[in-house]
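Labels run A, B and C following the written order; every chain starts at residue 1.
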Amino acid sequence: MVLGVFSFNASRIANWNGFTLDWYLQVFGDSLLWEGTLNSLIIATATTAIATALGTLAAYSLWKTKAPVLTTSLYLSLVTPEVLTGVSLLLLFQLLFRLIHLRLGMHTVILAHVSFSLVYVVLVVLSRLRQFDRDLEDAALDLGGTPWQTFWHVTLPLLVPGILAAALLCFTVSFDDYVITSLVAGIDSQTLPMLIYAMARKGVSPEVNALSVLITVVLGALILAADRIEQRSSAKLKA
Amino acid sequence: MISLSRWFRAPAELVMLLLFYLPLAMVFGYSFLTRGAYGGASRPVTVEAYGRVFDLLYLRIVFRSISIATASTAICLVAAFPLAFYIARFARAKTLLINLVTLPFWTSFLIRTYAWMFLLRDTGLINVVLQRIGLISKPLPLLFNDGAVILGLVYGYLPFMVLPIYATLEKLDPALLDAAEDLGATPWVAAWKVAVPLAKPGIIAGSILVFIPCLGAYLTPDLMGGGKTVMLGNLVQNQFTAARDWPFGAAISLVFMGAVFVVMRLLRNYAEDSL
Amino acid sequence: MWSKLFAVGLTIPKVNEVLELRAVTKEFPGHRAVDDVSFVLERGEFFSLVGPSGCGKTTTLRMVAGFEDPTSGDIFLDGLSVRDVPPYRRNVSTVFQSYALFPHLTVTDNVAFGLARSRKWTKAEIGAKVDRVLGTVQLTGKESRYPRELSGGEKQRVALARALVLEPQVLLLDEPLSALDPQVRKQIRQDLKELQRKVGITFLFITHDQEEAMAVSDCMAVMRAGKLIQAGTPETLYRQPNSAFVAEFLGEVNWIGGVGVRPENLRLGSDGRADWVSREARVETLTFLGNRLLVGTQLSDGAHCRVEVVPSENQLQVGQAVWVGWKKCDELPRFEVGL
């Protein structure tokens, strides 16, 4: 019980340096940070868009039929340490560099992120699907809907809260990733976590404190908002 | 209906094939090569890299990684079970509490680790407070050691242990525990003899989800251990960047993955298949 | 010429037959859910499939709807085989036990779903059809409600409307009354019967409640362990069961010396007439049920027997000697094979 509250509190960092806002201003003025944030946002958005779409379709397919190859690969990707994933993708990108002169950059990061975040999307959507009333799909088919129409008009609309939850998870995971990103990013595509890491490596600094508070607050607000939306749409969809 | 499913999963399958299996295969391939002159890899093809994995120096790292991971998993388990049990059995606002436990997971892992650094360092919050109160005179070396790494890992992966156990306990029929107490068991005994065995699938699943990432952790030992605690994850990362010995790094990774695979197969008999 | 038609696989439909199951079997790994079942539904009929849980009636229904394929045998709709036709191309609609109303759609959209998918009608035509069928099930005024805002009975009527509006050849109902409160069940049962008569569509009704089936059906079939035991009108099945199973499933039976008699056909006292059979007995138990009295007796040959009488002034006593009699014509027919 205590641990639960504690873990929530420990993630808030107080800025002890005389309660000044100077450091926050410095954070906002740092153009390098802005660039990193922008990169992270772009990567996370692109990853989320791709991974959510692919993952939702895959989850639907897995809900209906068994696919051991896909299931194994997803499960393995969940369990593989990030270092190994990053390293293996680096090797792949090196090969691609030799073949088609593909340089490391944001696109390689996006590809890498899609690879490891797919399983999160599938997990979330699949768990929602497991709670789905199969009769609803049968009813749609019975009334004359083709399998595609059934998916599009019945299953998908009811799955939206789950898809949004999956998208949020995907976004968070992608935005926050350090290990894999650091291995496959190019020189001019620094992400926010990479910058934070570099700063943290040098030791604790007030600037990092300020930055951490900001990020935590923003993410916290996002989560709360997402939760609010989810509750409202879930209530609407109960039969 | 079947063909629709096949179409649907095709893109995901393609992605996993090209961006997961293929890279892994490449790692496999690289592990048999030799370190090139400027890094990278070249022929001759050999298993020399694997031989070096079992060198004493590296075995020490393996041993340390296993012990740290085991300690972290054990602590996670001890901490998570009562928490999950409490929420499943007694709490009224169950969803809210579970969300609170998982909330840290949503905020940046990097930042949370950094927060611990901030708290634990010699001039950090904890030491400052303890010194002000007068409990200690010199700052405690709380950071940059194995203990700090374990703390970081436990904190980071606690939700992974809580959630599976909670999921199993939630499905537990409360009548079972009531029946045990009715037959004369104290609440503690009831919990130990009834809840724990029935929660075994959740415990196994949680342990896997914690142990394996802990074993291959990179960020936590790096930041919380200050580079002094070298675990497997750090070693591999090192080989691919600073040391530029790709075949060796690949070999280590594969040995590690092989071990993980074996362990998981063994535990799969007990664990619930979640996918 | 007829032989050529047979070769093509067309059966000449008897004009009145809308659905035929021919030697349909469904095997699952481990057990045979449906075993060589054949029956025929006539147009406009209210047909029930009854049986205890697990007897295969739901699986049979699903095969007619198209959700399961028969392992062997064939299913004919209006003479044409639908064995390889998927559910969305069969002109058969189902009312599910859980109603399966689409929670994100209004009543109107739910009912219009099938019509909208088929693309055969304009929006105006669909609107008119929906309005008409909602009137038939007496749900006018609830068009823009969502399923979560409706009562159980209302939800069922939406499910009915949704299926009926497509004018199917057969309407399948999967235990539609079991989700309702017991008090409401009898009334809804009657409503369903009247609806069927009004609309004229053939109903295939599945239930495990034999009283329900007998109350509404024109024709019914009893299933057990995958096999179809007997089919016929409710009266035929009740008065002339072909097996002990059917006899006992549809009502109470007293077995007296190898002969079955229903409690309502037994009388206390002897009549001495030629067409009556009497036995000596002793009263064992008396159970007062309000409108009737169940008298448990034991006959001289040891058999036990329950007689239903109207409670009267004559006080029966436990241990009292009585005569138990019945008309010979009320005996259940002897069965060929014990079941």
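As a convention for this text, a residue touches a chain if its C-beta (ideal position, glycine included) is under 8 Å from a C-beta of that chain, and two chains touch if they have at least 3 such contacts.
Quantities reported herein were computed from a predicted structural model and do not represent experimental measurements.
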item	value
Pair with more cross-chain C-beta pairs in contact, given A-C and A-B	A-B
Chain closest to the assembly centre - both centres taken as Cα means	A
Farthest-lying chain, centroid of Cα atoms versus that of chain B	C
Whole-Å separation of chain centres (CA-atom averages), chain B against chain C	58
CA centroid of chain A to CA centroid of chain C, Å	53
Computed distance of Cα centres, chain B from chain A, in Å	19
Junction residues of chain B, two or more chains touched	1
Chain A, residues touching no fewer than two other chains	none
Chain C, residues touching no fewer than two other chains	86
Residues of chain A that touch chain B when the two form their complex	1, 3-5, 7-8, 10-14, 16, 54-55, 57-58, 60-62, 64-65, 67, 69-71, 73-77, 79-85, 87-92, 94-95, 111-112, 114-115, 118, 122-123, 126, 147-148, 151, 172, 175-176, 178-179, 183, 193, 196-197, 200-201, 204, 208-209, 212, 215-216, 219-220, 223, 227
For the chain C and chain A complex, residues of the former touching the latter	65-67, 86-89, 92-94, 96, 98, 100-104, 113-114, 117-118, 147-148, 162-163, 166
Chain B residues within the chain A interface of the complex	1-2, 4-6, 8-9, 11-13, 15-17, 19-24, 26-27, 30, 40, 79, 83, 86-87, 97, 99-101, 103-104, 106-119, 121, 124-125, 155, 158, 208, 212-213, 215-219, 223, 232-233, 236-237, 240-241, 246, 249-250, 253, 256-257, 260, 264, 274-275
Residue ranges of chain A in contact with chain C within the complex	133, 135-136, 138-146, 149, 153-154, 157-158, 236-239
